[in-house]
Amino acid sequence: AQIANKTVKIGVLTDLSGGYEQNSGHGSVEAARMAVEEFGGKIGDATISVLAGDHQNKPDVGVSIANRWFDVDKVDMVTDLVNSAVGFAVLDAAKAKNKMVMLTSAGSADFTGKACAPDNSVHWVYDTYQIGRTIGQAVPQLGNKWFFITADYAFGIALEQGVTAAIKPAGATVVGSVRAPLGTTDFSSFVLQAQASKADVVALNNGGDDGINSMKAVREFGLLAGGMKVAALGLDALPALKSASLEVAQGSMFATTWYPEINPEAQAFMKKFIERRKTAPGPFQVGTYSAVLNYLKAVQATNSTDPKTVIAKMRATPVKDAFTNNGVLRADGRMVHDVYLVQVKSPQESKSEWDMLKVIKEMKGEDVFRPLSDNACPALAKN
Amino acid sequence: MSDQRVLTVDNVTGHYGDSHILHGVSMHVNEGEVVTIIGRNGAGKTTLLRAIMGILTKRGGSIVVRGQETIALPPERIARLGIGYVPEERGIYATLDVTENLMLPPRVAAGGMSLDDIYKLFPNLYERRRSPGTRLSGGEQQMLAIARVLRTGAKFLLLDEPTEGLAPVIVQQIGATIELMKRQGMTLILVEQNFRFASRLADRHYVMEHGQIVDVIDRAQVQARMDSIKSYLGI
Amino acid sequence: MTHLPDTVTKPTTSNHTLIWYGLGLIALLAAPFLFYPVFLVKLLCFALFACAFNLLLGSCGLLSFGHAAFFGAAGYVAGHAAKEWGLPFELAILCGTASAAVLGFLFGYVSVRRSGLQFAMITLALAQLIYFLAWQLPFTHAEDGLSAIPRGKVLGLFDLDNIMVLYYTTAAIFLFGFIAMHRMTNSTFGQLLRAIRDNEPRAISLGYEVNRYKLMAFVLSATFAGLAGSTKAIALKIAALTDVHWATSGSVILMTLLGGLGTLLGPVVGAGVVQAIEDHLSSLPADFAVFGLFRLPPITAIIGAIFIICILLFRRGIVGEIQHWLDRRSGK
Amino acid sequence: MSMQALFGQLLVGLINGSFYAMLSLGLAIIFGLLGIVNIAQGAFYMLGGFVTWMLLNYAGIGYFWSLLLVPIIVGLIGAAIEKTLLKKIYNLDHMYGLLLTFGIMMFIQGMFVHFFATAGRPYTVPSALTGGYNLGFMFLPKYRGWVVLASLVLCLVTWYAIEKTSIGRTLRAATENPTLTRAFGVNVPALMTIGFGIGVALAGAAGVLAAPIYPVSPLMGAELIITVFAVVVVGGMGSIMGAIVTSLMLGLLEGLTKVVYPQGSNMVIFVIMLIVLLVRPAGLFGRER
Amino acid sequence: MSAPSDEPILRLENVSKSFFGFYAVRDFSLDVRRGSIHALIGPNGAGKTTIFNLVTKTLPPTSGRISFKGIDITKRSPSEVARLGMVRSFQISAVFASLTALENVRVALQRFRSDGFAFWKSADVLHDLDERALALLHDVGIESYAHVRASELPYGRRRALEIATTLALEPELLMLDEPTAGMGHEDVDRIAALIKNVARERTVLMVEHNLSIVADLSDRITVLARGERLAEGSYDVVSKDPAVIEAYVGSEHE
């Protein structure tokens, strides 16, 4: 095989101006460029270039950019794709044009389920199924009576289901649950309801700004002081924790796919990233770096950009880099790797600016990602 | 002589956008005079008043009010020289009630009428004092527009067709009011279609045609020149 | 609406219209050979949407702040019809358009009695309810949206996955909508709408039930917005929450204004400019910088700046300014 | 729900309501008196939060000084925008004001994203206002109590200044017929600038109050504006008291919805707006024109 | 129809209208005879325009009953009443500003066609109406302005256009609110002649402050003050009534 036109083009399609910018956005673009730099910008005599696209969280714009990248700019692979609606739309376009998609920031489990495209896409970092399972396996039995504050969308609901599955067998009960609209800023009413429920544990099944805001309200209204335990389950990236501040976020637990101390590569990457972006990377960004890196390795090895060829090679090669120590790309497109339950350190425990997390439990990828035996991916069944 | 000149308009031009309306108007008004501007529809009478007030933005020439050149001044500064303006379209504020309409214009000189005096003069308005301005009948709005400037203490008033749409009794009442104001030493420019009404009050008539002053008729000459007046006005 | 630019109140000068028409048709036919067809398809859908919006604003002076509801809801229905019910392309679009018409009737029924900002706010409130439904109803798939909507074949013959077939089909739909709306503006009905817009009490006093006329105009505008939305859903294969979000209603106003309110081609040109900015300026080489110095600010900032400049300097919009210039040249 | 819990909910509702009040009051002034639908109000609110954060981080100026300084700074920025941009569109249809401020909002927000990225920034509650009171039925954080107090005082002072003095009616008149109002001797341009500045300063003040509770980020005002705008419409465009009272009512109603049907909590206001506009087009406290 | 018949074409029985407790019209009754020119005069704020608004259903009455051609119209909508044959002009001129004079008249004529909702039908078919429209413009003396936009017409011509538009509907009852207000003397005379002319075939109810016109045209006059009837009769009777002189005409008039 040959690399067409002597170029390998990578498109990072992400949100550069909206709410997802902090977890993906420019950080993802930078991460992709860092991966490219490790190849000196070249594979053999083919040059590697990176395009950045801002889908503005509009699927129309996303799919239109992706199509043009594929058809006009001859982009070989599109990555990041934060915002699942954009992800699905671009995945569909890639399938039709036989291009490659590496989802690193969108989380719907349907990417390796109903909508799976094993020959064209890989799902690299996390998914809602895994989040639920991780929580389900790892959430300690903090108490007997639980109250849920759940963000009203797939991610929050997956968390809620995961927690429920985890606590029920041990005899714990859910004494109340509210679904807060995505983007709620004021959680005081929900927090009061939690307080009134006399639960032992309040689980915050949400992420991003919602997670920070709800955590703040929990502290403000003195739930912790009153002896309740709080499991903030969706808080994720280090920058988000920084926004919340350790004072507020300390003690909360969440499932993550990455933290800086997993290996020396991760720490080196982190250092370099901070130099360039003045802030620590989050899992999506490290994931994008990892995805691009492994993609380029496979392209180099096969001397091809044909998705099927590249993906076949990637399946045969274990992933070990700054993102994970033991990743395996599965037939359905799922990259399976270890995940962690972490807890936020208190300000006293934290020794440096980004020293924020301690690991509570490590989990094997096989135990938390949806098993192939579930036959969730229809395209795989046909083969 | 110039110290009793309240207004001197010299070679004033005026435009609305691209259309040239005033073609070099010159006139003057002395202290305590009532002067009318008469002429057919569209002659430019209203435009002249708007030019004096500075709300016609494209204007040229010279307009001196009480010794001060105003051609470069913004309207609020001109008004504060002590001019009261009753516009043709009455300019009653819909968002203000009758009392608020009355209270709106700031006092520009001492000696304006009090609210009570005004309501005594126009009992109709007192009855409707809580009503939004534009809910008044056409005639009531006209009264309100006149009443409004009486409160400001302005000694120099520009009235644009103050009797339009008013019942005969009220026209007479306004005539009486104007006479009263004149006796109190106020200076007035009156734009009127109703010549019979105007002729009784005015010391001097400026006749306007196509944006120019084409004739000046003193009070004494009115009878003698009735024919040409009729032809000017198309009666 | 007292101070709309004169392009709104002035009937379009007919001597230019024919030339515009001819040029437009040629451009429409030749475009896919000059520009990227997928982009053009999207552009045409939004252009049709903007025309539908302009129809209501131009003919009735009613500024709707909820037109995204028709555009988006029709997209969901058409998408669902094609994907889940397996309806052919034509029927799916028909379903979507019809649902927009029904929705338009309901919206219009409650809103046309009011005007100005109150009208805008009622339409906004109703559209927000639709947005809420789009979050909650199962068939819209909340934040994931509908994707991989099958395009099917035109008349069962031509495969729409062929980009040229897709383009010309969309162009045909656009042309149909555009001409239909143009005809409507210049119909016996349109004539009465102009009268009603100019002076509603007078029209009532002449014996017209003005609310029925306005309702009719509203439904027609909603229907064409629905046609645009359905076509978009099938052509781009997606229907998502952004389609029903108020920002989409805002952006269609922007397109119309930028192109020239009340002008024939304004909404089309406006849609083109906005789409081009949204798509092209937002996808650049990762190390792109202006003069090697600045990163380009986000699209929102750029669009915001264009908006400001447009309102301050080119209030008539692009087409409006050109028309004005032509009129003045031929007039003097 | 127990009586106690109900009280708690009502109280938090009130807290939120007083927040809305600050924001909608500014909007109501700008809208009711200047006739501008200021979509950029959310951006000024964000600016308030950001300037507060910057003052602390770059100049070491704390919360209470910010409370004084930030509204002035934001108000001046607003006045500058009014002087350069908004004044060109006063005699045009409402729509242009809406679109222009929409553009201004996108621009300000976009530039902040450009320079500061979207990450939220923490701002700690000033130490004098940490902790809280146990009211028996609920725990009231001191800071929230402060928010209610501060915003109610600010709102009432503003209301008094505008409705009980001649400023309000002069502003209203200036909006309705600026030319004539000038011809009466009112300096309309200056008045408009001041009016806009005050309205915007209130948004800035709300930003300061918000900084310790919500993360300060460029997008913090983006979605809020549409809700707040609905509040103003429900209260009656141009009615200052209407905006304040409706804000408090909305806070309460929203709080109750969060108990009964949480998913719909950010939709209540639109339902209310719809009903109000259909039944009483001028709004609850608005005067018919 | 030219001879006044006995049955009134318009009848108001004890009609009142209050605005938030303020009675603009109080317990007012009126019969307008078919074929007559009936003038409504009275001081400013007497309630004349309000009565017009009540009759044409622009405002709902607080109490009382209004009938037109024997039909009770108290609860009808304004457009319905217009279709029954009662058309008004407005105190502040009401034309369709962006349409030409010809198009203005055509809007009225279009009501007799059934294609008002025909959004697919080209407006060109409306040229069928041109002939009739031009004739009407001719009647009011402005056919030379047929293709001028209404907003560009001089004020007096605009009033004439308004009357032409009103006449296009061939109303049985024509309601004119201050038809000569703000007009120059030439225009006033023209309009007066016009009213006289059209009244030959229909009934006219008008509000007017110009007493010479009232005297010249009207068969019957009702004088209104403070929302109530002060006097009624022919000009000679009414103008000598001391109450009317005090409330309206004033001492100086002739």
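Letters A, B, C, D and E mark the chains in the order given here, with residues in each chain numbered from 1 onward.
The rule is simple: a residue touches a chain if its C-beta (ideal position, glycine included) is under 8 Å from a C-beta of that chain, and two chains touch if they have at least 3 such contacts.
This is a predicted model, so every value here is computed, not measured.
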item	value
Third chains touching both subunit D and subunit B	none
Between subunit A and subunit C, the fewest steps along chains that touch one another	1
C-E or B-E - the one linked by more C-beta pairs in contact	C-E
Distance-maximising chain from subunit C - centres being C-alpha averages	B
Chain centre separation in whole Å, for subunit E relative to subunit D (CA means)	49
Subunit B and subunit E, separation of their C-alpha mean positions in angstrom	31
Inter-chain centre distance, subunit C versus subunit E - centres from mean C-alpha coordinates, in Å	43
Intercentroid distance (Cα basis), subunit D paired with subunit A, Å	36
Multi-partner residues of subunit B (at least 2 other chains)	none
Interface hub residues of subunit D, defined as touching at least two other chains	110, 113, 263-264
Junction residues of subunit E, two or more chains touched	none
Touch relationships between chains, expressed as pairs	A-C, A-D, B-D, B-E, C-D, C-E
Complex contacts: residues of subunit E adjacent to subunit C	56, 58, 77-80, 82-83, 87-88, 90, 94-99, 103-104, 106-108, 110-111, 113, 115-123, 125-126, 151, 165, 169
Residues of subunit D defined as touching subunit B within the complex	166, 169-170, 172-173, 175-177, 179-188, 238, 287-289
Residues on subunit B engaged by subunit E in the complex (per definition of touch)	40-42, 124, 127-128, 131, 135-140, 142-143, 161, 164-172, 193, 233-235
Residue numbers on subunit E that touch subunit B, as the complex places them	19, 22, 41-46, 48-49, 91-92, 154-156, 178, 181-187, 209, 211, 246-253
Of all residues in subunit D, those that touch subunit C in their complex	37, 85, 88-89, 91-96, 99-100, 102-111, 113-114, 226, 230, 233, 237, 263-264, 267, 270-271, 273-274, 277-278, 281
